[in-house]
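These notes are about the structure you will find just below.
Labels A, B, C and D are assigned to the chains in the order they are written; within every chain, residues are numbered from 1.
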């Protein structure tokens, strides 16, 4: 370039130019051009597969997540999880470098396993890949067999692994691949024909809200159902501060996970994040294996509880029925603050499905729904939810779009609030509307990942956050003469 | 006046006059004059006795609150409770009018009891007075005896009553008087010498947060302690919406309350709201009767749990210990958002004591503490809390002051946020700082009365509300160049 | 008002005089005999035009029933005085009365609280035992001085007595007179102790009398009176109602010199005797003063109704008829201008609301005045009643309701519950104390005192808000969640 | 820099060369043999001035240990390119790398995101399987065109390669060259695939090389160069650091023509060859270009340290010594002006911090540069180490630390834990991944990459913030809550 371009003077954008562009990027014209782009993705809603895989790894007892790839990849996943949870996220890597591209990653993997076992004494190491080994074609299965043969890892030591290339799918697919691998590894020879341990396998899916996990467990307890929450991160990412650091503070007990194929029933609450895992379950067991919508909002929670009730032959607990009544009470009392309000939301398909359902129940409008990566089938599934309610009429689903698209949508066809992760905060600033922080990642507020949004209590929590956010806005933006004691 | 004053022209305040006064009321000079007032109370922090009495009445099974006085009084108390809880507050009154002043209120009371019994079939009617009968000297004891003699009320029908003149004490004293009366009425002949029913009597005090009550019960459950929460409003004011209106949806079961004197121990968590009740308990039983600070913040909760542990010979539940660790974790993670921040707060003495303790634990400064009505002894008690911590140095306690005093304090010696009820919202507007809504009444936000602030989970909730409120402010008020993804 | 609309209404399907009378009988059965006899005259099946159909009113509330009524103080503080923005209103007596009525009536005002307006503040003498024993007069004098010093832009002080004041024999009138002279500021006593009368209604009357005795005629407007000068009486600016009303009246060409008392200014009120016509929205709370001004100053007055396009149009024509051709032409222009806008609202909401049934129980003017607005949206009112009305309110109500519908007075909660259930109503419009009772029962509800924190509902500005709110209350999908499927 | 401060420091109480060496031995025992041998050369007890004391650095991370290191891409995107505000930085490859580095480095910029600045945005080519199979070059060309259209005020595009790009043999350099011509906009390729090198350090070097090859010398300032023209190099404006630094330099009388790269403007960077002196704060990440500018344009460069009043004063004098008397006088004036303010800060916090011990493990310049600031507050640094340093960093570190303290390279988390525990430190200063590990263990912690969302820490503006934060971290009463009393 220094050859091709003459030496020019330094230029500065004039205030007029800046003002013009400031206005232009809010225009219909800009929106059209913005939606015409085919190649560049700007402010995406999705991360890559290994993040989901690592989340799964943290969800099992004594398990060390192991990134087969460069150490930089591991640092990114760890940081991402730690920033959201404000908790440690112990993980190691093969620390592959350029010579890995030439010789493959087997040596690094073997050395890494040896060190990790000695240093951190994990009960299981869950291996997943980042880009490099996927491109150079590392054969993890062979490497692991070789490691066992070489005595680096004991023959019966659990070493699940998943291929999670970042250039394929998103974090939810890495979640799926790793979960399936962990379960098939642990339960390999543990299936006992005819055995029914009476328990429920519950799969929350890629869910970074520790409060949700605790709610699942509490609900099952109220129902008197023994549950194995698979990939249970609730303690892993919400552990006590008591003066002792523990690299593995929680997770699904390995023996429980190993018994998963002997469960009375299996229920996944994120259809799209568990496709492969569910397929595997169905192949492996004759016990009921089902997928239901995430229990966000009243009707989804009703369905969830009724399914449990039916599968386990127990009535819905009276305490939960009372909770339902209190949630409906709260929703009724506050309906006037949400009714017909327009929302923009984004996230994974299952999260969106749940939030759409909740908003429609409130008479609110999920007006712009941005799903970053999803097939036509996913699109149809979400569209059907909007079509079901009069409050979904005129609402638009935007498949495979990003937050820069959403910015254009919000500036040209406004909404009252955004619901999603911290990454949307720049839109809220430009649009002057509140952001209800739900989902992953939340990088700029504390403890919100501890506040459940599933179940009846979750519905109250969502409602509280949204309604009070609007009331805050009213009090803040109204003239003196409309500043009132009651709202 | 029309005779004494000549007919003048209509005048208007000029913008200059208004601007001058706007500035003046924020000045040191104004503060001095404001603090010099001796007679007028402006924007008080306290309500009157009957409100507390009515709260107690709602806290017992099948109990109808009965205001002996004008129907307007009852309407006020009912409205006040209903606005805060967004729940019905069934209560009736003697509907006394002018002739009551002449003839006394007995006829009204008798007629009222007869009607109330027929219409609402309560299991108990809890009677308390407003001003008029107190001034004319109605003898409730005699009236009630006469009612029984006249066959209007069965001899064994529980009719506790309390004298709760509005011109004496505040809502917490009415709470105390009514609670003592209910308990002494119900337990009159139920004390069995030597009996220990193994249970804890827990007295939350004047507490309008239903979440707190649920937390108390959950904590006792975790500890394996059978508890009778006295004046339990958690269901009364947080009942399901399921298509059926119930005038008495909750409350302490009367038979449990009747057995209170046979309890293993009695614990009040609001020293100042239960003086008479505790004195009565101590006179009536040899079992331990104790008063502890409200379990707001970590140390107060520790003390509460250790007291339970010791009294009932059970260790603090591991689940609670883990909760503690999570609360300390959250507090540590967020300390930087609260450290050295200044707060103004107001409320009842016991609420203030708890909030002061919590803020000091966070390294925050309870900088202006307004306690509306309290003796010198109360003042010493609160001052001692401030004196205990370096973060209490320079903080000021203002006894027997009101929110108009507080406005002067905040405008001349600023703080970062207010913590208190909705009545403080006009100060937040003028001062441009956030109001963390805790306490009674909350009239302008939804569901906050369901969010507990006691116990370890309560500490997390308080922290979340405060820290995120500050982070909201930063994001809202910062320049573009300081608008960041992470906080 | 225009009498076009007083023709007997079409009866409501399934509601006849007889069925309603049977319902009344069943309702009365809930009571013990004495109370039953007391309550019986307070409810009737409507039979407009027939001599003798009447609901008894303004009687003592039956003890032990859950009445919605307030007291004289509530009427004085909450309704008449509270909305006057530029005075400090001292709740004289114990702390509670002022505390409970603090910020709860939504009478909006324009200005800066504590500087030039004071209506969101709570001034109380916070009586203690010693004040009851030794009397509070001295304290009151000090209070007035303190207020004078701390709030220099306040245009006056009202002293609203609470129960103890009257019972212990304090003489606030003397103190007020003295303070007025000492401070050179109107200090207006109002003996509105809560035990007086049977409801907030007497508080209105007493307050009107105080205004008569101490306010009216004490000021004159700075500029010359004009032919179109009017006062807007009985609009308390709930959620901005008075501003919406004023807007139309000004569009009509009238000059609104004073509002009683929403966003009110005491000196404007004091000069109201200079206007040409008093327009009364809430007849109940302000008719006294209108009559006094008629007698004393010869100012005519008329009632009007600004709820819903039908009533607004009728009222505009009726008001205009009191003025010249210009104003009358303006009225037609306004109606022409707003009719399509209002029709659009009706078109949007009526299909969702047609045939829905409502039960009303409010105070003041609303049990009758809002009927037209509901009907504009296609709703049917099956019953309506007042907390604290008088006979003249009922006389104005019968013809607004269909024959056979229920008219009632000072209903108790248990009566309302029964009626709502038996009439299977789709909406109850009443107050905060009733709201959650009905919602728990799965019945949509709107607060019709406070507009449920919404508003305004008056005028052309208000109708779209009203329509939206009624639709939202009745059609919120949350009602579909009430019954658990398990 | 002024060498007054390089005198051997006073040893820390209880920390000798021998005790530290024993600790190192105990630490190494944690490892299997091979890893132990690899790790051993990376930690040493400090022995300043002695030949042969050296910590090995810039070597491959040991697999399976919990390293804090990032990759070359991280060094390029997060450090060098990301802070340049007026370019769009395309993370070329799969979505993740850009996603994880999005908004997480706090390099503040002045402007409106998406209009004239872009650094808080995430541009990615979001490679799919087909891009890996068929190559991403064509997509990249389209991306550049789309950016040109949607962001007309962007002054350039950087293309930051992620791992797959290099592995599949794409030629981004050719695409960049073509796009540059087609769009008449600098499009700068940076082959910073994460697998290159051993840490983010190579990413800095590669980025410097890209700037050398494609940026420097391509612009000239619009006005005449002056005698006081300098560039501020290696300040990334974390939490506003560069603004705080710039302020002092301007107060000194210097003209800051470009900042590399905090709040950076690419055309100013491109014209940096016109300055008279390059001032380098972060030597590690930017020394390459300083040396290139020295060789190619004869621009001298010097290091300086703006952490804490002692180092600031020394640096100001050293910088001023490169200029004339005016500047030198200014330096003394500034020091005189700020010394009492800084002393007040020291007086406030030092009593609460005196003798507290800290362990540091950061990147770039901070493991050595911040020591003086801690010492100004009375803290003692018992150990310090770098994530990705080179030999020359360690050479600059030894003399800043007391004899016998621990110096280390690319520490693994388990090592840090052991050291913090055995040294009983009162504070660990490191990164986000380490933060909660130590807090769980009850050890106060500050993030020393991001200033824990606080800052600035540079300059006189920064020291009070730093002091407050260190005090708050160590003395927060929350630490008193860690141990349950039951």
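Keep in mind that, in the parts below, a contact is a pair of C-beta atoms (placed from the backbone, for glycine too) under 8 Å apart; a residue touches a chain by one contact, two chains touch by 3 or more.
Protein identities per chain, from UniProt: A, B = Nitrogenase molybdenum-iron protein beta chain; C, D = Nitrogenase protein alpha chain.
Computed from a predicted structure; not experimentally measured.
**Student:** Per the centroid of Cα atoms for each chain, what is the distance between chain A and chain B, given in Å?
**Tutor:** 40
**Student:** List the centre-to-centre spacing of chain B and chain C in whole Å, with centres computed as mean CA coordinates.
**Tutor:** Going by mean C-alpha positions, chain B sits 32 Å from chain C.
**Student:** Can you compute the centre-to-centre distance for chain C and chain D, using the mean CA position of each chain? Integer Å is fine.
**Tutor:** Each chain's C-alpha centroid was found; their separation is 68 Å.
**Student:** Would you give the residues of chain D that are in contact with at least 2 other chains, written as numbers and ranges?
**Tutor:** If we look for residues of chain D contacting two or more partner chains, we find 102-104, 111-113, 120, 436, 439-440, 482, 484.
**Student:** Provide the list of chain A residues touching at least two other chains, using ranges where the numbers run on.
**Tutor:** Residues 83, 86, 239, 241-242, 321, 324-325, 328-329, 332-333, 423, 426, 443, 480, 484-487 of chain A each touch two or more of the other chains.
**Student:** Graph shape for the chains shown, where an edge means the two chains touch. Line, ring, star, complete, or other?
**Tutor:** other
**Student:** If we use the touch criterion from the header, which chain pairs count as touching?
**Tutor:** The set of touching chain pairs is A-B, A-C, A-D, B-C, B-D.
**Student:** For chain D, which residues are in contact with chain B within the complex?
**Tutor:** 102-104, 106, 108-113, 120, 240, 263, 436, 439-440, 450, 452-454, 468-469, 472-473, 475-482, 484-486
**Student:** Can you name the residues of chain B that touch chain D in the complex?
**Tutor:** 298-299, 302, 305-306, 309, 315-316, 321, 324-325, 328-329, 331-333, 335-336, 339-340, 360-363, 389, 391, 480-482, 484-487
**Student:** Write out the stretch or stretches of chain D touching chain A in their complex.
**Tutor:** Against chain A, the touching part of chain D is residues 30-32, 34-35, 60-74, 86, 90, 93-104, 111-116, 120-129, 131-132, 139-140, 142-143, 146-147, 149-150, 152-153, 155, 162-164, 167-168, 177, 180-181, 186, 188, 194-200, 213-222, 265, 267-268, 270-271, 412-414, 417, 432-433, 435-442, 482-484.
**Student:** For the complex, which residues does chain A have touching chain B?
**Tutor:** Touch residues, chain A against chain B: 83, 86, 238-242, 321-322, 324-326, 328-330, 332-334, 337, 422-423, 425-426, 429, 443-448, 450-451, 460, 463-464, 467-468, 471-472, 475, 480, 483-487.
**Student:** Under the definition above, what is the set of chain B residues touching chain C in their complex?
**Tutor:** Per the stated touch rule, the residues are 1-2, 4-5, 7-11, 13, 17-18, 21-22, 25, 30, 33-34, 37-44, 46-48, 50-51, 66, 70-80, 82-83, 86-98, 100-101, 108-109, 111-116, 118-120, 130-132, 135-136, 165-168, 170, 239, 241-246, 404, 407, 423, 426, 443.
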